[in-house]
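The structure appears right after this line, and notes come after that.
The first chain written gets the first letter, and so on, giving A, B and C; residue counts start at 1 in each chain.
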Amino acid sequence: MTLAEIKVAIESLFPGTILENEELADHQVEFKGDQWLEVATFMKNDPDLSFDQLECITGFDTGVEGSLQTRYNFHSMEHRHKIEVIISHDRENPKVASIEKIWRIGDWFERETYDMFGIVYEGHRDLRRILCPDDWEGWPLRKDYEGQLDYHGIMVPKMKEESGWE
Amino acid sequence: MGVVKGDQMILNIGPQHPSTHGVLRLEVMTDGEIVSEIRPHLGYLHRCFEKHCENVTYEQVIPFTDRCDYLASMNSNFGYVVAMEELMEIKVPERVEYIRVIMGELNRIASHLLALGVYGLDIGAFTPFLYMLRDRERILDMFEYTCGARLLYNYMWVGGLSHDLPKDFEKICIDFLDYFEPQISEYNQLLTYNKIFVERTADVGVLPADVAVSYGVTGPNLRASGVKWDVRKDEPYSIYDRFDFEVPIGTGELGTIGDCFDRYLVRMQEVRESVKIIRQALKDIPGGDVHQALPKKIRPPKGSVYRRTESPRGDLGYYIVSDGTPVASRLKMRSPAFTSLSVLDEISRGWMISDVIAILGSLDIVLGEIDR
Amino acid sequence: MTVDMLIDWFATIGDFPVLAFILAVVISGIPLFLVMALNAMVAVYVERKVSAFMMDRIGPMGQGPGLHAGKWGLLQTAADAVKLLVKEDTVPESSDKVLFKMAPFIIFIGAFLGLAAVPFSSTLQIVDFNVGVFYIIAVGSISVIGIVMAGWASNNKWSLYGAMRSAAQIISYEIPAGLSIIVPIMMASTMNLQELIHYQSGTVWGVLPNWIIFNNPFSFLAFFIFFISVIAETNRTPFDIPEAESELVAGWMTEYSGFRWAIFFLSEYANMLIVSGLAVAGFLGGWRSPIPGLFDSGAWGLFWFMGKVASLIFVMMWFRWTFPRLRVDQLMHVCWKVFIPIAMLNIFGVGIWKLIFG
């Protein structure tokens, strides 16, 4: 199925989910986050869509003033079609439903995005940091991240200032 | 965290341990010798690769990718440059494509040899490890001859390569392949069909196909569970569609489909297939200049790309978001070993501690890639 | 032999029986200890070289005394011995200190006592027990106490695992070993080691030496069951689960370093010597030459005995560097469900054979 057909299939069952966005490439689609669990279940179980492989979850920070995004890459092994789903979150209180019960790899991918960006995935069975130590402060991959000064007495080195990369 | 039942013991495997393939801590809840749950603790090797990539230019990212999966650096580079070339729509010369395939497959052989040898070491067979490492040394010598480095190459650049093939490389490579193919039978004789090895690995840690797909397991681990999925054949990149090679899948020959023995055997068979690909590539390699298509300055257009390639551990994916500047806005590396490790808990329940070591070895993880 | 000879000699000097006994025992203990130490030094060097050549490398090498490790690395073991002696003696803070320090010595005692009964030649034996075979098997079990002590006293889960596995393994494999060694006892009607070797004189079928292994098919099988069971008793691969390096990081020996570890090591190689000696004496004709009548007298006995023992030890080393290791439950399965039935069958078979063929 092409992306247009997939969008039609989803829109017919969950009207209002797809948000229009001119800047997206032709394989990307932006969803509204409120019905995400139902839409995801539909995408996995519907025999025409059958997205059984969740390839990657990437968090993205659109800028210091902008929103946080979670980008999901899906692939169907049977129909060989792909889709990229973007869901935007409010910066103050980023959260969305967790899909780790549908695709089991969502468990670790969502933990990693939580660790790096602070996006809370509701319904996750055990949302805690995975790469940083459990008592680390802050969300490292956000654009406005300020590293803590020390960690249990060890000095945390600072990133180099951006100068002269041209 | 979790409530420990009365008669359970918590055993810590790692972070320093001879068989955890890196710095990994496994918290194992056991009842005597039977495992009831495993909780992996990662992050010991986290070097903030993705944050660094937001502060250095696109060319400077390539040595960083080397250091993620340090056993298959060529393939890590390959994944990155393929993604970047798709984003920037660069077409590289034919010679560059052929050399990239040859280097990628040689590195696949080297990585699999190490994985198989170390697996034998975990099971207790000391000698096959040294034989496989001896042959891997010859491959690393070839790499050193080409680009000066044995393990971390910085070889594949966006739009080309750092060095062309040196003099007589084709001859050295063919000599190596002719020496190497009979060695595979020697390994099979010594380790693969050894009764004790089969007893330790057959029927142990069975990974069913649907669980594997749901956990995002890819590469030899997924193929051992019977699913015929290889990015080189199903979403071909570079010039892989010109080569004739098989994709070995697990058949449950001496046990169940998807057990540790199948994962081992699939890697052994993939080594043979890689040898085939290299021979075909060496025969057809054209001349040309490898530096011809290197852009003077890498400034990709705005947009994003997600491209995956086949590394020895599975689907290596790069998600790159560019905002038009020479520095990436977001670069995420989807590492195959990360997903392979996530399935360890599920398939080790009910087995003994020795089996956990066997299962972990069969998944072939590299911590550098998991933690980045 | 040696203790008896010394007591007789002391008797000719004067009449002090108790003192003579004590002196005789102490004096014969010295060559025994020297044999243990020499055996460990030679066996370690041979193991390193043999394993190196099997793995396509060359092992310890050197250019001459004083330069690196001696010509062909011969001084390497001496250097290692010196290093182990001067190493810092670490005892873990939270361990049970008394048991921790006692454990290596108990294992050492087990090996030392066993070595006293090994018949190196017709005259070279420390004591010629009337129940020699029984004595060696019995004394070999003392080391289990030491191993469990070592694992428990280290206060370390990994050591505990190793010790439990080792205790289970050694105790289980003593049964097929004991059952298999009954076969030569039945055939020679004696437990005395020298008489067992005397029984194996002459030839069978005119060509083969009359060793017990060649006598009948059941004793042939009994030799292999015995040999594999004693490899399990000495904790060598493929039965080295207790010290499985890649799983348990040296298992029950993890917390030991320096001289204490050297004692473990010494005892392991002495154990290998003892069980090979027992196998050779019981099944392979002891100090008799393979061609009866040729080179069969006096000092040649020591040569043949050590030659046969050396080949068995070489086979043990060969196994170690070739085979992977078995899992604990597979080990137990092999012992209880495979070896013990076969060993019992052997005893019946040999009994019936002796009845029919005399």
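Rule of thumb we're sticking to: contacts are C-beta pairs under 8 Å (C-beta built on N, C-alpha and C of every residue); 3 or more make two chains touch, one makes a residue touch a chain.
The structure displayed is predicted, hence computed values, not measured ones.
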Identity of the most central chain, Cα criterion: B
Most remote chain, CA-based centroid, reference being chain C: A
Centroid distance [mean C-alpha coordinates] between chain C and chain B, Å: 45
CA centroid of chain A to CA centroid of chain B, Å: 25
Centroid spacing, where centroids are CA-atom means, of chain A and chain C in whole angstrom: 63
List of chain C residues in touch with chain B within their complex: 51, 54-57, 157, 161, 237-238, 240-241, 244-247, 249, 320-330
Footprint of chain A on chain B - complex, ascending: 42-43, 46, 48, 50-51, 54-57, 211, 213-216, 227, 229, 234, 303-304, 306, 308, 315, 317, 319, 321, 326-327, 330, 332, 334, 338-339, 342, 346, 371-372
Touching residues (chain side chain A, partner chain B) in the complex: 25, 28, 52-56, 58, 60-61, 71, 73, 77, 80, 84, 103-105, 107-109, 116, 129-133, 140-141, 159-160, 162, 165-166
Residue numbers on chain B that touch chain C, as the complex places them: 9, 11, 17-19, 33, 120-127, 130-131, 134, 190-191, 194, 196-197, 199-200, 352-355, 357
